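Order as written gives the chain letters A, B, C and D; numbering starts at 1 within each chain.
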Amino acid sequence: MKKDKGARRIKIAYIGGGSRGWAHTLMNDLAQAPQITGQVALYDIDRPMALLNARWGKRVNQSPQARSQWTYTVPTTLAAALRGADFVAASIQPGPIEMMGSDLNIPREYGILHPVGDTAGPAGLVRALRAAMDYAQIARAVQRHCPEAWVLNFSNPMTACTRTLYKVFPQIKAFGCCHEVFGTQRMFADLVHEYHGLKVERGEVRVNVLGVNHFTWIDRACCRGIDCMKLLARKVAAPGVVRPVPPQESARMGFFENRKQVTYDLFRRYGICPAAGDRHLVEFVPFYLKDEATLNRWGVKLTPYSYRIERYQTAPTGFRKRLRDRKPFEVKASSEEGVKEMLAILGLTSGFRSNVNLPNVGQIEGLPRDAVVETNAYFTADSVKPEFSGRLPAGVEALVSRAVSNQEMIVEAALARDKDLAFQAVLNDPLMTLPTDTAWKMFSRMLRATRAALHGWKV
Amino acid sequence: MKKDKGARRIKIAYIGGGSRGWAHTLMNDLAQAPQITGQVALYDIDRPMALLNARWGKRVNQSPQARSQWTYTVPTTLAAALRGADFVAASIQPGPIEMMGSDLNIPREYGILHPVGDTAGPAGLVRALRAAMDYAQIARAVQRHCPEAWVLNFSNPMTACTRTLYKVFPQIKAFGCCHEVFGTQRMFADLVHEYHGLKVERGEVRVNVLGVNHFTWIDRACCRGIDCMKLLARKVAAPGVVRPVPPQESARMGFFENRKQVTYDLFRRYGICPAAGDRHLVEFVPFYLKDEATLNRWGVKLTPYSYRIERYQTAPTGFRKRLRDRKPFEVKASSEEGVKEMLAILGLTSGFRSNVNLPNVGQIEGLPRDAVVETNAYFTADSVKPEFSGRLPAGVEALVSRAVSNQEMIVEAALARDKDLAFQAVLNDPLMTLPTDTAWKMFSRMLRATRAALHGWKV
Amino acid sequence: MKKDKGARRIKIAYIGGGSRGWAHTLMNDLAQAPQITGQVALYDIDRPMALLNARWGKRVNQSPQARSQWTYTVPTTLAAALRGADFVAASIQPGPIEMMGSDLNIPREYGILHPVGDTAGPAGLVRALRAAMDYAQIARAVQRHCPEAWVLNFSNPMTACTRTLYKVFPQIKAFGCCHEVFGTQRMFADLVHEYHGLKVERGEVRVNVLGVNHFTWIDRACCRGIDCMKLLARKVAAPGVVRPVPPQESARMGFFENRKQVTYDLFRRYGICPAAGDRHLVEFVPFYLKDEATLNRWGVKLTPYSYRIERYQTAPTGFRKRLRDRKPFEVKASSEEGVKEMLAILGLTSGFRSNVNLPNVGQIEGLPRDAVVETNAYFTADSVKPEFSGRLPAGVEALVSRAVSNQEMIVEAALARDKDLAFQAVLNDPLMTLPTDTAWKMFSRMLRATRAALHGWKV
Amino acid sequence: MKKDKGARRIKIAYIGGGSRGWAHTLMNDLAQAPQITGQVALYDIDRPMALLNARWGKRVNQSPQARSQWTYTVPTTLAAALRGADFVAASIQPGPIEMMGSDLNIPREYGILHPVGDTAGPAGLVRALRAAMDYAQIARAVQRHCPEAWVLNFSNPMTACTRTLYKVFPQIKAFGCCHEVFGTQRMFADLVHEYHGLKVERGEVRVNVLGVNHFTWIDRACCRGIDCMKLLARKVAAPGVVRPVPPQESARMGFFENRKQVTYDLFRRYGICPAAGDRHLVEFVPFYLKDEATLNRWGVKLTPYSYRIERYQTAPTGFRKRLRDRKPFEVKASSEEGVKEMLAILGLTSGFRSNVNLPNVGQIEGLPRDAVVETNAYFTADSVKPEFSGRLPAGVEALVSRAVSNQEMIVEAALARDKDLAFQAVLNDPLMTLPTDTAWKMFSRMLRATRAALHGWKV
């Protein structure tokens, strides 16, 4: 087609190509990138969903705003998807969604609550075991079929998935992408508006990012010469801002509403701003999850498994309905950065800076080398280089180190199929205060419930 | 006197010279070292107790077994005690003993139990704040009056005290001595007897030591060619060895009895042997201290404050009684190593190896540089050099790292009089699972109760 | 003035404000930056030259192409220059130019030749001693008068000057700028033209930079998807490219002509491309400077002191002549990046990437922490962060390490006024093969000749 | 035999069992160790010499002073020698002795002189290539046949040999033994005698050792409370001690006489005492080897190849003569420590401390991890642990780092058969100042001359 003339032809392999969220955003963003064109190979073990997404992609091509046309294929093997790929995007569910049921419900019997359960806590660790098994396979396939391709990971637990890729294939060019920090930039942008009356984009808030995914921290934030950290201090000091959320207010809250009470509290205690939603933050510290009432008091709600499974199961119906519609798809700017990152890596833009997950080569001092951490990085031709981001204050470093230790142990345990080591990670989790014998029983039950995804394990 | 002819004349400054335990052992051990003689300057803020100990020392001199005579002086200032000293021994109570009351009892109101309370947990941390204040003063005095002297620390919290010495006077020649590991060597010696029928001395069990004081670990133990770790594995696997201690048995137990159930359990979970008494170990992990019944089930009892204060207050009466006795003191071999260490440092023996607390220069991989850690070290002329001891397994390293982080934070907080940082250490303690606002209240009460020993603090 | 409306007002302190080269370029570049305006304070111990430059600045303002107007002041004290400064630029001559005479000529008597003599070799080291004395003073003045200002260093020896700034005032925001790498980018751009027929800008050649100033190396170079390292390999393998330069050709060469024979040879030997002019490179290795004939055979000439002093002394005459001219100054794009860097630091552009000299926080693996090294860095709002650039191959790392050791020793020696340590640096220099007693004599003579600039030294 | 009753039975595999020097000393020392008995398997590619040594061993057994009897076998394969070994001793000639001819003589044509030529310089590097080939084979054989055995290396180049063992079989238990430091201890003992009138054993001089083999340094030396470093400073400052050695004196000197002029000079320049013979020291720095006259002036002589080959060839005749003699062998204390080290490793003594060559795990700060370095270490049951020995002063660290870089490069080059990398090591050698093209020719000639020992190389 005319509009693609001069565009670079590339191939993107999409693992988890039947996925509900990010796949659609990618299609939307690719349609707005006139510098590139080519093929997106949607691979999924749930092939019907991948075929559905391919149809979706065709509808995106037909959008009046589309400036680039893409071919959406649905290969039957991972190898076929990867062969010749310039980029690999991965966003998968580790184990069928139903396994989140046991991840969440068994610990709950022992008094351990997970507002999210996909990153930390016993639930996040067991999910990581499954994910690492899948990602080991992906790493080996990339090594065989497209060792020079850049791999963008979008699955959780982000750190365990990305760590597995590097552990299995150390020369891989991979990084993990997460938009959780964007929300914190938006919080700062709102403060700039509140205190200075300026409307600014979140991208204008320049932040220094340090930590691990979903437990990142910001120690400097600046926007148009305004020190945003001071605005946050002012906000937190204002009367009525930090407050117990009363039960009646909590009862009315949606699962994803963010009262920022945990963010404010951690900022007050540690003097540095956590950069993830409160529902994630509470899973990394032992302070807010004594029981559901305590959690609610801090403005966070448990997202029940019933809600998750329902949303998951009804999504395809909605997609099918939209595909049957005659109404053309509207393509518009998204807040995701995957395509911008690809363009910079292809050398087609002058460079790009964002927060990503990469093995630590020193970008965060005081955390172990090779562990996957999240900081800003700079994207340029065939190069994603993390920025030197300094060191977390001692109090926060202690908390983050704990998450890093668990990342290292759980990935190692998954690859070695070592239940004892995996259990040591569970024992080290901040949500864990059970006696070791009780904990062992709980953990054993969790593994057995998810054993179908733990090939080669004795559980 | 004749018997000291040819002996090297030295001066030992004893800070806490009125102390009840180790001072008497030192006198006993010095009397058996014919290679040295000289002066012991007993300095204590409780001068009457120091004078009592000086009388005790004279009686030791008169013992028929004494092979070396010492002059015991009671200087009125620290400066006078230190001037000209070759060695400084420090064993002090940080703050009056009564402060252990608030250290233990306030957390107890919040459900936080401390079997010991002098090393870790909120009690250990608050004690560390006081101790660091005292040790900062000692470090400055050593720097001024005897910068070349070797300082032996015997006070708890061992790591915080020793760390403070180095932080305030980095060129200090100091190390911390603790006999807790000896008990584990004895456990191994017993196993050698049980399984091989051999009677061996604890010193014949060669161990590799890694960790921080009271939370040390042994990954290799060898005695007459026998691998003692295998004996421990055999022991733990034997039926009935690991078991819940029934309430009636627990009720009859003395405070210091060690059922080793925690030792066995940690060995089973982590594959490496913890090397401290169970009552210390439980304070470093969140598994065994849910409530008193749980603790008792693992064979550990709470040592109540009432017992401590009673023992403390009655001890001098016993001493005085023995001094009034005509019965000569009997001098005999003790299990302490302080005098052996001094002899090696003086170059009077061929060298000596034992576990001590020193700043980490790499003797333990994976733990931060400069933090005080416990490993074997080699003593020779004017030199105490730690042995390269390797790395803890990941699961244990995570637990020990947490203690190390807290050591660093609490000493820094003490020197900077920074309550926020001290509180961050409390939040990071394994015994802490309170919400941050409740924790802050508890911590504030604890500080206020001990404020008399926190000069210059705003609490 | 109208054209400055909306521009940010800043103050730049220029130390060495009477300098002949970079000051004029800065004026030229500032005139083309409509986003900023303000004051440039030209401070120089040679005040007449600074006054001359202020007149020059006024003429630049009058240029028809000028889009920004600047006030050029000539303060009489360093303090006055620095107070209120947002940026400090430093380009000075360490010691009067005449001292280059002894720097170059005394070693020459001993058979030690310096084609440049401002960076390495005994001449560079003695110059570094003087420079470090000056830069220690600058660091202290910045700390007192404008601790938040960003300092751009342009003086040689670049690494010693920048290292001194950080050693004296560790919180300083300073970096060193050098355009030597640009020449190598141009070489690659020429190769792209030669082999692919494409005309490209040097900035389009994306390079990874590793090393120390004037001894930097490039291990990856990419331009429009072309691997430039392969082009260089092709070039070097072509017949007649690497060749001895015959005496008659050498005789006709200008001092600054670059035959690249040394570049080619080092690339061939080490498989990685040195990124500085040959005249600099030969001073970092012992291979090419046996005698003048050998040097000439490799296409490099000695720049004699007579030439330098003559050029230095005649420059002002030329300036005065141009100032007397009626002809308006033409303002046009320069190849320097200082103003681009300032704009990025002010947050007025979206960011900027270039090679600069910064303390090593890990951007080069295998070189010691804190030593000043040269790599790419990323400039954004109030932030200059080095990029992680990997590690030099072992053979080159050995050569660069030697330069780094000398940087560390000579700066330490200067600040401690320690002649023995400075001499140890001389002994470690690659140009040094004299017996130690002869070397000591030579070094002592060099120091005595330059003693007027070595305040507080006993030489 | 009666006298071996209760002795531990062990097997020692001796690689290079036909060797002339250390094998005889080992036999002598074993005969004096009543705690052990067993078999020594003498393996050598020169089997007749091994058989000769076996006869020698039998004669040692018959010595009236022998307190332990040993069986000396001469297995025909390396595998047979190693199988069942508790210890492996290796002292081999890398390549036939004749190859020292080209090692020494080719560089000499280019003006590069080697007083020893077995450790550093182009000769040492080419020897290292051969040695690494041999030691790679030994490492693999140990891994296969006796992975738990302790390996004592005695061959030069010590560092390259030991490094190869660890590089090929990282879990090997190996260390390198060298008595060069003993000579420096004796120098200190002599100074104690000279200045204090005390006769002391060299072992009583407690030293801290830092460096690489044959280029070790001592920064602390203490004997009976006397600071020996001060005695050395006094000695060096005395008139006439440091002096040029006149030609007539030099002409009369034996090859192995040590005038210590280089030791004194380096001590004076660097403030720390080198701990190897002057003939070794001069090969690690570029100061003393300009030409033979310069070398002689510093009191060192070239040991010509003719002398070496003559001594090598005549030695067996002497051995045979002694074997034919009726005169019983006299067994007496030697100065070697190999048997003492074995006894400590067997757990039969209370421990032993000496300087040995081990991979750097931090025992020397500032030198790269894993490189083989020489420091004190502590020997105990199945354990040889290096002592933390601190850091070399910057000036010396620069010199030693260079040797370490070359160790790393030459071993890597040998294992990868990479001539370019090997050449980079040659270019980095302190004795090398030739232009790169001339150096390449010299190096190529050296490799070709020794190609029979470079299996699999293209030279």
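In this text, contacts are C-beta pairs under 8 Å (C-beta built on N, C-alpha and C of every residue); 3 or more make two chains touch, one makes a residue touch a chain.
As the structure is a computational prediction, the values presented were derived from the model and not from experiment.
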item	value
Rounded Å distance between subunit C and subunit D, as computed from the means of their C-alpha atoms	46
Whole-Å gap separating subunit B and subunit C, where each centre is the average of the chain's CA atoms	56
Residues of subunit D touching at least two other chains	none
Pairwise touch network: line, ring, star, complete, or other	ring
Listing of all chain pairs that touch each other, if any do	A-B, A-C, B-D, C-D
Subunit D partner contacts - residues on subunit B that touch it in the complex	206, 208, 220, 222, 224-225, 346-347, 351, 353, 361-363, 365, 378, 380-383, 385-389
For the subunit A and subunit B complex, residues of the former touching the latter	265, 269-271, 285-288, 290, 294, 298, 366, 368, 394-395, 397-399, 401-402, 405-406, 408-409, 412, 420-421, 423-425, 427-428, 432-437, 439
